[in-house]
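Below, subunit A partners subunit B and then partners subunit C, in two separate complexes.
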Partner chain A sequence: MLFRLALSTMIERKSFVLALFFVLTVPFALPYLTPWEETPVVIEPARAQAAWACLWLVTLGWLFYQGSDMGWRYSANGLFQYAKSLGVSKWSRLCQLWACGMIFLVAMVAIALAINVFFCRPHQADEARMWIITCFQYAGLFLLVTSPLLFLSIALGSRFNSAAAYCFVLGISVYGLFALPYVELYLQHATAPLLSLFWYLSPHYHIADLTSRLVFRMGPMDMTAMGMMTLYFLGLGLVTWSCSYLMFKEQK
Partner chain B sequence: MKTTLVTLMAGIFGLAIASSAFVAMGRYGHDHVPANPLAIADSPYGQMLARLAKNRINLLAHSGQARWTQEERPAAAPPKRRIGRHQSAAAPEQHSASPAGELTTNWSHDWIDQMLNAKARRSNPNPMAVIHLKYLNKEMGQKFAAAYALDPTDYCIYNSYFMYLKENQWGSDRQKAAELALATLKRCDRKMEGPVPTLTGAAAALDLAFIAIEDARRGSKTAKAPHACDVVVRLAEKYLNEYTALRARAMTTGGWERLSEERRKELDGYADFVTRQFQMIKAWKDGIVLSANGIGHGSVTVAATNAESAQEAR
Partner chain C sequence: MSQTDPYIRISTGWKVGYKKRRLFSEPEPIELLTVQQDIVLKPGLHLLAARNGRGKSTLLRTLAGLQPSLAGDAKAGGRTQYVGEGLRFDAELNASKIFSAILSPRKRDFATHLAGELELELDKPYGKLSKGNQQKVHIVAAESMAHQSVGEILLLDEPISNLDYHVRMRLNAYWKADSTPLLRIVCMHELEWAPEWKSLLLIAQGGLAQHFPNQFNLEKLYVQLN
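Presenting the complex of A and B:
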């Protein structure tokens, strides 16, 4: 019931059209801003890079906000309470909203994958095979990172308001994706035991950013490393899901 | 209550899995990989951002007065400092002799441009404090490093950064400049896609040769000329040939026409400049070999002086 309501509301609000349009068109337009005239071979890697960068940007900028907004609205309007009165469990209520967000997330990942596989694939057969494997590895890691964060944004939205919840999720994503490598760089030149501990405990989402493997055609990750990364993000996902459940509040 | 307990247990289990995977990843190898979010540095978008960074560096190099043309600058303003092979770190198309310069002149009639020039004009008759200039110089070094990281194959940024390190009035560092030239040479050798990396590679090779010549002239104990010169000069020759081949190929495939006329002129002008430097170095090197065979010394001195004056002219 909540799933269908959330989905129809999102479709009715139509903001997803802009998000999908962005993910679909920017990768084709952005490479023409680069100095491609001098080296036309850069167009394809630049397109792949733009596709993944757009995906991160839209997920962080649009989808997480939708998640926190849904959580806040359903809690403020008493819809969670109403679903509870119908006997829908706490997990189910959260998961239904999450599943609605996941539809858009999976659709966007599928678009990015399609652009990568059909419009950026190298011509040589062995290179193309490596490219496709890397793309699927990237998509898998991307989903492992973003899907628990979407869950968190809904749960935090239900407890606080949409803007506060979104800022927290955006902050943690940006910190894990972009800031942590610089913290590591700082730690290499300084002795700070507390900061070191904080660094170890931080969510290392930047590991899931395989863009450079595609842009510089480095080939796929080897399976051992990929397995360890998957385990790490599964563990991190469980922690996030667990915290989200504890943070979930059905009524304002 | 039961669900909450199970959820908590799941969270603790997740923490254990994540920790063990993190430790295992540490054992897998802990080589430091430089931070490069979304692979921007050294990518086509990095090239674009590096070109945009030139304006900011230019502004710093000229103490906020980068928009001024030669005629507009009052006598009270501090003189322009040469920081690169081109007069500034900015794209060479901004020089007054180029058609882009004419464009600037035309544009200067435009109201917005006049206002921007007025905004950038220094009205304070007192020169800037030395400490302030040093600060701007340091700031410029950081911007150079950042722009170089975004695109190490751009000859304009490489040359300016090289000269910044080698001929800086606030403290030059020849060793660092030589390391930069070597790193650029290696980088361009690894990826020679398009005309720009070939020209940058040739410039870096010649810079190394110039450093070797200078060391030899100064009688440095670590001087490696002329034999070490051989390798880099051959590399420079290879890159220049590569540029000529790429240019010829681009002309047949229509790729050359895709570039703007400005860009074509700039590339060819720079290629000519590097070729002349190459010929000077080659003459100097051949002169040494001739003198070793007992044939005259004069030509060596002339060629070496030419080579040094070319370096100074940058």
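Presenting the complex of A and C:
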């Protein structure tokens, strides 16, 4: 019930069209804004880079806000309570909204993956095979990072308001993706035990960003490394899901 | 009453209220009402009346399992559906899309029929409907979900406060004619319909009591409400 209501609203609002359009077109347009004529061979890696950058941007900038807003609306408008009175469990209520957001997330990942596989793939058969494996690894890690954060945005939205919840999720995502490598750099030159501990406990989302591996054609990660990363993100996801469950509030 | 019929059993001593949170000490229970006699509600229409702030909504929310009671036992035998005063659907969706999202295809047909009876515009976005028409969306959604189902309990919190006279009359006629064994508790301030309904639940002087149509006098009940 909540899933179909949320999906109907998302479709009615039509903002997803803009998001999908952005993910679909910008990777093709952006590389041509660079002086690509000097080295035309870089156009395909640049397109791949743009595709993943757009995907991160739209997920962080649009989808997480949609999640926070859904959580806030359904809590403030009494729809979570209405569903609860019908016997819909807490998990189910949260998961139904999450599933609605996941439809758009998976669609966007599929678009980015298709652009990478069909429009950026190297011409040599061996390289192409490695490229495709790397792309699928990247897509898997991307989903492992973003899907729990989407869940968190809904739960926080239900407790606070959409803006506060979104800012928190955006903050933690930006911190894990972009700020942590700088903290690591600082720790290489300084002794700060507390900061070291903080660094260890931080969500290392940046390791899921395989853009450079694709652009510089470094090939896929070996199965052990990929397995370790999958386990790490599954664990992190479990923590995020548990925190989200505790933060969820059905009524303002 | 068949075994599948919905019921509500409330025992003597059942206390309804809420707990006021405090920063450094135990939450303080704020008691709104205590039940002074065992109450059994069977399928049919039950009117719940009280003055503002006396615990009508809290009572319905407690029966729906949305908040705990302060003491005692009450059991709702059936699937409850609490339609609160604060319920709002997304502003962009029209009634037709709301019904499509929450109802099965068979029940959608009934919703369309009931919406027609209550003069509800199906194509107008919910956010642009008047408060009365928004209430109609809630009523139609809840009634359609419960229609021809087994063991349904509808807890309607002031569902007709914004409806015009004619729609109220039609709704009352529908409720009285409906053959589905539904248990409806309708919270409202007007007692005039009570003599035609199954029972009247009155919250007064911190207590909840059940009155049956052949046992009460409306004028005395209005006095009792004060």
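Please note the rule applied: the second predicted complex is superposed on the first by the 252 of 252 C-alpha atoms of A that agree within 3 Å, B and C clash if a C-alpha of one lies under 4 Å from a C-alpha of the other, contacts with A are read in each partner's own complex, and residues count from 1 in each chain.
The rule is simple: a residue touches a chain if its C-beta (ideal position, glycine included) is under 8 Å from a C-beta of that chain, and two chains touch if they have at least 3 such contacts.
Quick caveat: nothing in here was measured; it's all calculated off a predicted structure.
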First, second, both or neither for A:135, with subunit B first and subunit C second: neither
Partner chain(s) touched by A:38 [first = subunit B, second = subunit C, both, neither]: first
Partner chain in contact with A:208 - subunit B first, subunit C second, else both or neither: neither
Touched partner set for A:78, first subunit B, second subunit C, both or neither: second
Partner chain(s) touched by A:113 [first = subunit B, second = subunit C, both, neither]: neither
Contact breadth on subunit A, by residue count: subunit C or subunit B: B
Touched partner set for A:8, first subunit B, second subunit C, both or neither: second
Those residues of subunit A which subunit B touches in one complex and subunit C touches in the other: none
Touching residues on subunit A, where the partner in the complex is subunit B: 30-31, 33-42, 45-46, 49-50, 52-53, 56, 89-91, 177-178, 181-182, 184-185, 188, 200, 204, 206-207, 209, 211-212, 214-216, 224-225, 228-229, 231-243, 245-246
Residue ranges of subunit C in contact with subunit A within the complex: 64-66, 79-84, 86-90, 92-93, 97-98, 100-102, 145, 155
Complex contact set, residues of subunit B against subunit A: 3-4, 7-8, 10-11, 13-22, 24-25, 28, 32, 34-39, 42-45, 47-48, 51, 193-196, 255, 258-260, 263
Touching residues (chain side subunit A, partner subunit C) in the complex: 1, 4-5, 7-9, 12-13, 73, 76-79, 81-82, 84-87, 251
